[in-house]
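Same chain, two partners: subunit A is paired with subunit B first, then with subunit C.
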Partner chain A sequence: MTTASVTIDPAAPTRTPRRSKSDRRGIRSPYPSWFYIPAGVLYLIFFAIPTFSSFYFALTRWTLFSQTFIGFGNFVQFFQTPALTQGFVNTFIYGFVTSAAKVVIGLALALLLTGATFGRGYLRAVVFFPVLVSTVGVGLTFKALLNPFHGVVNQVLGFFHLPQPGWYTDPHLALLTVAGVDIWKGVGIATLIFMAGIVAIPSEYFEAARVDGAGSWNVFRNITLPLARPAMATVIILSLIGRLRSFDLIWAMTNGGPGFSSDVIASVIYKQYQAGFFGLSTAGNVILFLVVTAIMLPVQWFLNRREAEL
Partner chain B sequence: MTVTRAITTAPRGASGGLHPPRRPMTARRFARKYLIGIIAILVSIIVFLVPFIFILLQAAKDPKDAGLMGFDLPTTWQFWQNLVAVIQNNSYQVLAAFINSFILTIASVAIMVVFSAMCGYLLHRRRTRLNPLVNFLVLAGLIVPPAVVPTIWVLQGVGMFDTLPGMILIEATLGLPFSILLFRAFVATIPRELDEAAIIDGAGPMRLFFRVILPLLRPVVVTVVVVQAVAVFNDFTGPLYFLPSSANPTVQLTLYNFQSQSVSQYNLLFMNILLITIPPLIMYIFFNRQIVAGMTSGAVKG
Partner chain C sequence: MKFSPLRRALVATASVAAVALTLAGCSGFGSTGGNSGAKVTITYLTGNDAADTAQGKALIAGFEKKYPNVHVKMDTQPTGTQGDNLMKTKLSTKTMDNVFHYNSGSLFQALNPKTSMVDLSGESWVSDLDKNFKQVVSVDGKIYGAPLGTGSAGGILYNKKIYQQLGLSIPTTWDEFIANSKKIQSSDPSVTPILQSFGDTWTSQLLVLGDFANINKQDPNWAKNYTNNTGGAKYVNQPAFEGFQHTAEIVADGLVNKDYASMTNAQAMDALATGKAAQYPMLTSAMATVQQDEPDKINDIGVFPIPSPDAKYTSLTLWEPNALYIASTTTGDKLQAAKNFVAFANSPQGCTIQNQTGAAAGPYATSACKLPSNAPDFIKDVQNYIKEDKASPALEFLSPIKGPNLETILIAVGSQSTTATVGAQQYDQDVKAQAQQLGIKGW
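And then the complex of A and B:
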């Protein structure tokens, strides 16, 4: 901060006595606090109030017009109904599988696309475009492509006499199938973030390592990987934030089925809301909040700590 | 932001990105450069282009042909008929949905840009006891999933449930935290001397922000507009909860309802998917660089 900015310090007007209007205008802070108000009002009404009240409504039997306080009944019901517990477990699987795959595939693609590979521009465009396409559209397209009977994928597998799994109709595979489509759609953004991280590494490091006789693997292991850590943190955090809360792809492909095999907490919230169990649905929301916080706090702490050590 | 610009405008081919090829082109380096590239291109065609070609082919087929879901050329090309049929379907519902989605996108992004630019600007320029609190709220807004039914309860309380204005305000609110982060980072690159010059010339806070600062924020405004417009346009869950009735359809919901209503009309379903893909495609073609800049921000600073 420069000395010049001290003269327009916000504390100034409190010390000066009242003056004429034009004089005051010159001294009053040019950065008025009410600039926070428009965004603050929206945030308060449409985000903070719902979030805080959810902790109360989660403890009630609720119809929007009347509520009865029932303590932790909703939470007990949530963890005693196998269909709902399944959603709880699936949220973790879905979040971790998609994030891990995006880190691995995204990093590999980023290395390929920052190197001197033929056709980089085309590859980058093609890998990134699915990120921008409607999730519902992607889900419905892959539902047709992976159709167990007529789908293109199984026709090709059949041609090579390979097993033709039921994909989203097989209870054991449904969640992983949806996760796979999510990886297809989201890997482009992971790739871009890794590319930005890798390009930012000063080229002197690579040159020094080469002069010292390091091979490709050593350069990757000891220079690219540690210095691309902020990028990796961003990929993991963004991906986890997005995947833990969303169910649009799951809804477009399986509606949580077959049975409850591909339900996550977010889709359970929607199903309970549709069924009119608003209290139970809100309890699901509180559980999702706790899950997200329980995962994000350690992840963020771990990733930032390692960053600071470098 | 400079870093992402470096990706998009990096000289291709000759100088070859990170490692300038000082060594002569041996057979191994040649293989590395072209063979891997060609394999990657072939794989990318199968993995990434086939689904999009499939959408195009399905959209041009007749209902019986499309129902077979094969990856082959249509027996009868009826691209145009399908397009007209989708638009006329359900008394021009798709047109209404596109108009609604455009209004929703434009209005919510406009609110988001102005409000979050003000916040980001203040957050960087004025250091007070409020700053840690605001920073915490921004992070919380990014991480905490919105509570659904209580939000509906609030919307009903202010009489905006299932209305387009209510949906606009919800989308604007949910987009604020990310936009504020982008603006805060960018305001740091605008020298304070400019503020001081404007103040000495007699500009008040409003004029300083709207006439001096906001025009300088143009690059990041474009980034926020493009990234958030794509996000709002593609949002499915928001309208599903807060704009459920068929009086105000949005494109994502129309697509979803279309799928559950007419199982036999796969050609029209895929024509609908194709139509919905066009706006993001146009955005991508014109604003490629800004989209990349917005989505990769935070990858480098640590």
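And then the complex of A and C:
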């Protein structure tokens, strides 16, 4: 410590002018720059190093005890994984179905809850509540409710002599059931973002439109919808990124089953990791990273461009 | 006082380093404990199911009575694929319990025993071990595990009362088995001919894994060829393909329970014991559920081998017991205490505890333990097949390779979302991935 201060002190005056130069460029910050170090160290240790080492481990056969360099063998093998195509298709179905539903339902709820509704505060809390509950807890609860034989839902359906589908045991239905639960759980956050977007619209616009004789539909179509577009972009981007990588709810409810019928890329990768194929699952994660980036960059560009045009 | 940016950076780095050193110092103190004479604490890891925890608690109670200055702390974790992953992670990060309870055979091989476990070849109980069992806990001639519990068999568990009422005889070919099942269905549609229970995913594998004794009888070199990737020993080819075919066939013929997709193993055992169902491809170790829930019905259930298409090959597939292992991170007094714990489990006292708590499902793998005289009848069925030389070990005890996705693939086949052929192809691919991961020559 002492040696450090002795050697460094003389350097201090020579550094000062450079700092004032940067002040002139207008990037002066109220905090000293070494405040960045704790966050920087954490970022380096927990994000940058793992991310870049994963690009290396993706090229190895890795047992945690030892690794062998095998070039692109893992990538070749990853694309031969049973039912991988189905995993990709399911990922897109899951991502787009849940995002679209959250936009539609979230917007509808936001309109309802920003209007003069009876019990508005209570209803806002109710809509947001599922967001606060643990995803795994939600998954297990719905698994019990939707049990094809002993679940409450099917018993009620049976009471009214309606068909009792095998919600998560029917291979054709399992993915959509999980998507439905995901929408129930995630729509609160979409509603919240839409509400913020709608409340931020200046009330003069609505008043002017009403004076011009616009009905509710016209107000919604020509004022609320276009001006809530930034909120919509946020909802779509957040939901789509989240769902393309998502895994927790699917794992809690179906483990990707029955068979491979509700597998998404993330659960395929997790199963490989679970089997001890560490190199292979790392390669899968690199591919997932590339796929999510390849989808999200154009989507984000498209949504932001539309926003700029307004 | 003003700091230059560089100096500020150095000060910050130094303080981070100081904190890190302090933390390292703390953990250093923690590991130097256990003077001789003081009380030694070791940890024991077992499965989190009711049977394993009950057995673990009883063993610890007995052991602590005999060795009063050793305290054993029990930890539990899930079994199945999640447990496999936890085992590997704990061993490779050196956070494994001192003693742990795990499968023998291919799952044991996947843990890299040479570096992760303590060699137990010199222990006194080794001389009592059955020679087949020694093989499934050994690497390069060194023994790493001691048996806990009995072996079991994988075959068709059946309700003897239903068989008696309908005058059915034990099938020796697959066609006879299907004919029996159809007879059961036509005589009383409320009785399920064959149970499947994909609510517990591992149960989907029985018609493939339990068929291995039949394959082995037809081609005694199959396991060797399968391991070395030679001679067309693949699941897409016969005889191994028959297991996939059978899994698809029983569903296509409408012989399984309607709720097969969600039924659990325990529910299926209950249905079998109470006569709501007649037959269930299952391991005899699942009989523990019946012993627990309906002990008076235990002798209503018997077991026969999964029938081969040809009667002369039909034989029963056997599973070796699980074993106790010691992690290589265990040293000093703890190592001695851990070895004593393992030896205690295989002593006469330990055997008594095993008989009282873990339900016997087949023969013991050590001559130190004897089955109780009131052992249920199904164990006699198993012993008869062994005596008649109509039984042999499962593939996982003859080859280190078992593909991790077998249960998922078989659920897809067994719920008709994949054909038997595609399922077998997928599994061959899965086996290849595992063989490469294990670094086996020829793949």
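Here are some notes:
Keep in mind that, in the parts below, the second predicted complex is superposed on the first by the 279 of 310 C-alpha atoms of A that agree within 3 Å, B and C clash if a C-alpha of one lies under 4 Å from a C-alpha of the other, contacts with A are read in each partner's own complex, and residues count from 1 in each chain.
Everything below uses one rule, namely that a contact is a pair of C-beta atoms (placed from the backbone, for glycine too) under 8 Å apart; a residue touches a chain by one contact, two chains touch by 3 or more.
None of the values given here were measured: they were computed from a predicted structure.
Counting residues of subunit A touched by each partner, subunit B versus subunit C, the larger count belongs to B. Of the two partner chains placed by the overlay, subunit B and subunit C both lie in contact with A:33. Once chain A of one complex is fitted onto chain A of the other, the partner contacts of A:158 are absent, as it touches neither subunit B nor subunit C.
By the touch criterion defined above, A:64 reaches both subunit B and subunit C. Once the two complexes are overlaid on the shared chain, A:298 sits clear of subunit B and of subunit C alike. With both structures placed on the common chain, the touch criterion links A:132 to subunit B but leaves subunit C unconnected. In the superposition on chain A, contact of A:140 is made with subunit B only, not with subunit C.
Contact with both subunit B and subunit C is seen for A:273 once the two complexes are overlaid on the shared chain. The interface of subunit A with subunit B overlaps its interface with subunit C at residues 4-5, 8, 32-33, 38, 64, 147, 273.
Across the interface of their complex, subunit B is touched by residues 2, 4-5, 8, 10, 25-26, 28-33, 35-36, 38-39, 42-43, 45-51, 53-54, 57, 62, 64, 112, 114-123, 125-138, 140-142, 144-145, 147, 150-152, 155, 184, 189, 192-200, 203, 206, 229-231, 233-234, 241, 244-248, 251-252, 266, 269-270, 273, 278, 281-282, 285-286, 288-289, 292-293, 296, 307 of subunit A. Residues of subunit B that touch subunit A in their complex: 3-4, 6-7, 10, 12, 16-19, 21, 32-34, 36-38, 40-41, 44, 47-51, 54-55, 58, 68-71, 111, 114-116, 118-119, 121-122, 125-126, 128, 130, 134, 137, 141-156, 158, 169-170, 172-174, 176, 180, 192-193, 195-196, 199, 202-205, 208-209, 230, 233-234, 236-237, 240-241, 251-252, 255-256, 259, 266, 269-270, 273, 276-277, 280-281, 283-284, 288, 291-292, 295-296, 298-302. Note for the complex: subunit C touches subunit A at residues 2-14, 16, 81-82, 84-85, 88-89, 92, 110, 112, 115-116, 198, 201, 259, 261-262, 404-405, 408-409, 411-413, 415, 417-418, 426, 429-430, 433-434, 436-437, 439.
Listed in rising order, the residues of subunit A touching subunit C in the complex are 1, 4-5, 8-9, 11-12, 15-16, 19, 32-34, 37-38, 41, 61, 63-65, 68, 73, 77, 80-83, 147-149, 166, 169-171, 255-261, 271, 273-277, 280.
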